[in-house]
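Okay, so chain A shows up in both of these, paired with chain B first and chain C after.
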Partner chain A sequence: MLKIKDRRQRMLVKRMVELSLKDGIPDSERVSAVLSAVRNQTPRSHRTILRAYLAAIRSLIRESTLEVVHAGALDSQGIDSFRKGMETRMNRNLMLDSREDPSLIAGSRVTIGDHVWDASLRGLIARLID
Partner chain B sequence: MKIWFQIAADTVGTAADAASTNPITRLLVNFHVDTERFVAQVLAILIVFVALWLFASKPILKTMDERRKKISDGLEYAEEMKQKLAEAEKRQAEMLKEAALEAKRISEDAQAKARELVDRSAAETARRNEEMVARTREALELERKQMVSEVREQVSRLVAITSSKVLQRELSAEEKSRFANASLKEIAQQ
Partner chain C sequence: MSSIIETIENEIRNLETAVRKENIGHIISIADGVARIEGLSDVMYNEMIEFPGGIIGQALNLNEGEVGSVVFGDISGLKEGDEVKTTGRLFSVPVGMCLLGRVVDALGNPIDGKGPVEAKEFFPVEKIAPGIIPRRSVNQPVQTGIMSIDSMIPIGRGQRELIIGDRATGKTTIAIDTIINQARINDEGIASGDPEFRPLYSIYVAVGQKNANVARTIRTLEQADAMKYTIIVSAPAADNPANQYIAPFSGAAMGEWFMSKGKDALIVYDDLSKQAVAYRQISLILKRPAGREAFPGDVFYLHSRLLERAARLNEENGGGSLTALPIIETQAGDISAYIPTNVISITDGQIFLETDLFNQGIRPAIAVGLSVSRVGSSAQTKALKKVAGQIKLQLAQFRELAAFAQFGSDLDPKTKAQLDRGSRIVELFKQPALKPFSMEVEVGIVWAMQNDFFDDIPLDQITRAKLSLQDHLQGRGSSVLESIKKKKELTDDIATALRKTVEEWKQTWSND
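Right after this comes the complex of A and B.
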């Protein structure tokens, strides 16, 4: 989150972010509603506020996204179970973002925010090389 | 003197008896000694003597005393100077001795410092040479490691590329799917 010197503005951004969440995850409808409210009221220094709000939402999306990159098809039941397991581990709800990448050769790579788990064959070879 | 007065008295007292048989009287008569003149001469001599004693002898003695004193002072001064000269010579000898000792000490110090400087310079040179050798070795080792690392990296890349191509071609879709699901389970268990 961008640092805002004014305490009222900081509280406003915090409140906007709280209103944008649904089960701890940024929700597009709620974000749209918050943005429309801001557009209607146009608070003072709204550019700064919106910039801080954007940074906070981006950070939350990044922290709440379970990115699974895999080589080969995944079992839908298995990946759902995996998501629940990771939510329990991270103690928060996660959005699943799954995509296939043949360059991994085999296996998968999982990313949540700054955490990375690489169980791909390409990563294994890279680690062996290092 | 007394004798002469006695003679004079006798002469005066016995003038009438000049022709007596007194040998002294005869002697005076024979030598034509005039008693009055004789007395006058004696008195004159006494006066001259007293005058000389009063007016000549005293200044002369005084001058002599002064001269003697001057000579004595001069001799004392000469003696003092002699002692001073001896002391000065002695002091000069001591100073020369001290100067010689000081010069010797300075010379020894200078020699010691020179030796120390030479030793230090030699040690410094040796240390620099060792440092240079060590740096050269380190540089060579670093270069060798870099070369090995580069070679290893190139080989690894080639191995990785080859392995990837081989595995991509060899693995079936089913195997890839199985690997992917297994990897997720593996991550979940970590």
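Right after this comes the complex of A and C.
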């Protein structure tokens, strides 16, 4: 995460991030509105503030994204109910990013931020090799 | 039969469906043995981190969204973006008797080509030192075999005695002599079958040294047949700074195993100045605030937590001990520099070696006035305590008088006598490297000095006379030596027998 030494600028970035969230998840409309407001006001160290804002939003997106990688096809209903289950478990709203990856051989791999639940055959083989 | 098959099938099914939860991160940057990692939100301070290719690291800096970690081993295969994992474990090294006679790196991996280390136990490298309750005071000596140290600056089991001096003043030699002497004592003790005999195992930690020097040390120990009681932990100058930083802690973990099993161990850190430099390098790369001499603020804690692990445990806790001989290299004899003052204040005394004395041929080049053992005579055998009680004072007075005597030619008889006695003690304490004396021989020689048997021997003949007396004691006076060794004190009977033996020697001695 980009560090800002100036306290006021840090507070500004924090406020910008807060205004960009909808139900705890970064929202594209809100982000556009925040960017437009910042563009109109042009605060000091504009570029630094935007970079810090980008880093914060990127980190938030990563932490709010439920990435489900699966070896075979999964039905959308099953994935959605899994998302709801994970939301209850994590106690926050999550964005779903689901994709198929045959290199897993079988099973699936779920990632939220820096937490990984690996139930794939590829992961199992890797663990056995270890 | 079918139930057995079902049980195994269930086990396989469970294994196949087992979900492994991991906490991961990605390398942002890596340089000079230090990696910055994004993620790893669950990582704990000092936790072991797993890098690709089985390489491990240790989390040292926990920032918001970023972790600073040292990486042990070869980092050339790692790159930005590589995935790393937490392990939930503290960094540990193999421990046990199986390490004796082996040369290992800072991680406990063998580097002597003698095959794998068959360790059954692992100890964490970072461990809280024993507290007040399980400890007892130091009361048993570590015989270095160096007459000047054993008589004036005695070291006890569980003590931390600093060896400090400029480069090439014989610091390592003192440590190696001690290890060799312990091996000799161990051999004799085990051969005697004495059930109360406690062997002292040695661990030599080489930090930031040239590989050639480490190889020479190993060869010396092998030639003296001391390797069988010794573990060598090597983090040479070519190793990355992370290995040099952790090597003393790895050695301490290996030593603690002996202590925890009620055994005695001696650990030599050669040297902590280089470890501090490696730690400074790591800290600067981790962007920790620099303090005096650019060392980080916690460099005192680095050494204090390491040296506090040396202890003598009480009987309820097994009675084991870990004695530490840290070595510090000074620059131009400056003991008031940052790291030397830190370590002096942590340890229970120091042996200060001077370049001037070394160049004058006084070896070991111990500066008596600056050297001290805070444990004092409680770490001496009664016999040595009795004969060596006044020597340190006499030698210190001699050095002071010798400095004044340079200004005037007329000296009173008392001063002349003091100077004469002092110069004889200096000659007597000259001792070549790798030739340690046994405790009983030390007692015999120092007793002879204190009882004026060397007074009529010319100064340039003292060394020869000392060796001659040693031969005589070990030959015709072996029974006296045996009594001193057994009783560990100088009773009136033994003193009479010793006088008789020394008088016999004196009659055979000729000054030419």
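As a working rule, the second predicted complex is superposed on the first by the 129 of 130 C-alpha atoms of A that agree within 3 Å, B and C clash if a C-alpha of one lies under 4 Å from a C-alpha of the other, contacts with A are read in each partner's own complex, and residues count from 1 in each chain.
Following the convention adopted for this analysis, a contact is a pair of C-beta atoms (placed from the backbone, for glycine too) under 8 Å apart; a residue touches a chain by one contact, two chains touch by 3 or more.
Predicted model, so just to flag it, every value in this text is computed and none were measured.
Colleague: For the combined arrangement obtained by superposing on chain A, do chain B and chain C clash, or do they fit?
Modeller: clash
Colleague: Taking the superposition on A as described, I'd like to know which of chain B and chain C A:R127 touches: first, second, both or neither.
Modeller: The answer is second: A:R127 touches chain C but not chain B.
Colleague: Could you tell me if A:A119 is touching chain B, chain C, both of them or neither one (first, second, both, neither)?
Modeller: both
Colleague: Name the contact category of A:L74: first (chain B only), second (chain C only), both, or neither.
Modeller: After superposing on A, A:L74 lies in contact with chain B but is clear of chain C.
Colleague: Looking at the overlay, what does A:G24 touch: chain B (first), chain C (second), both, or neither?
Modeller: neither
Colleague: Between chain B (first) and chain C (second), which does A:P43 come into contact with in this model arrangement: first, second, both, or neither?
Modeller: A:P43: touches no partner chain.
Colleague: Given the touch rule stated above, what does A:S59 touch, chain B (first), chain C (second), both, or neither?
Modeller: Touch status of A:S59: second partner only.
Colleague: Is the number of chain A residues in contact higher for chain B or for chain C?
Modeller: B
Colleague: State the stretch of chain C that overlaps chain B in the combined model; pick it from 55-63, 109-117 or 145-153.
Modeller: Of the stretches 55-63, 109-117 or 145-153 of chain C, only 109-117 runs into chain B after superposition.
Colleague: On chain A, which stretch or stretches are contacted by chain B in one complex as well as by chain C in the other?
Modeller: 117, 119, 121
Colleague: Show which residues of chain C lie in contact with chain A when the two form their complex.
Modeller: 15-25, 39-42, 54, 64-66
Colleague: Would you mind writing out the residues of chain B in touch with chain A in their complex?
Modeller: That would be residues 152-153, 156-157, 159-160, 163-164, 167-168, 171, 173, 175-188, 190 of chain B.
Colleague: Taking the touch rule as given, give the residues of chain A at its contact with chain B in the complex, in rising order.
Modeller: Touch residues, chain A against chain B: 68, 70-75, 78-79, 81-82, 85-86, 102-103, 105-108, 110, 117, 119-122, 125-126, 128-129.
Colleague: Flag every residue of chain A that touches chain C in the complex, lowest number first.
Modeller: 1, 59, 113-119, 121, 123-124, 127, 130
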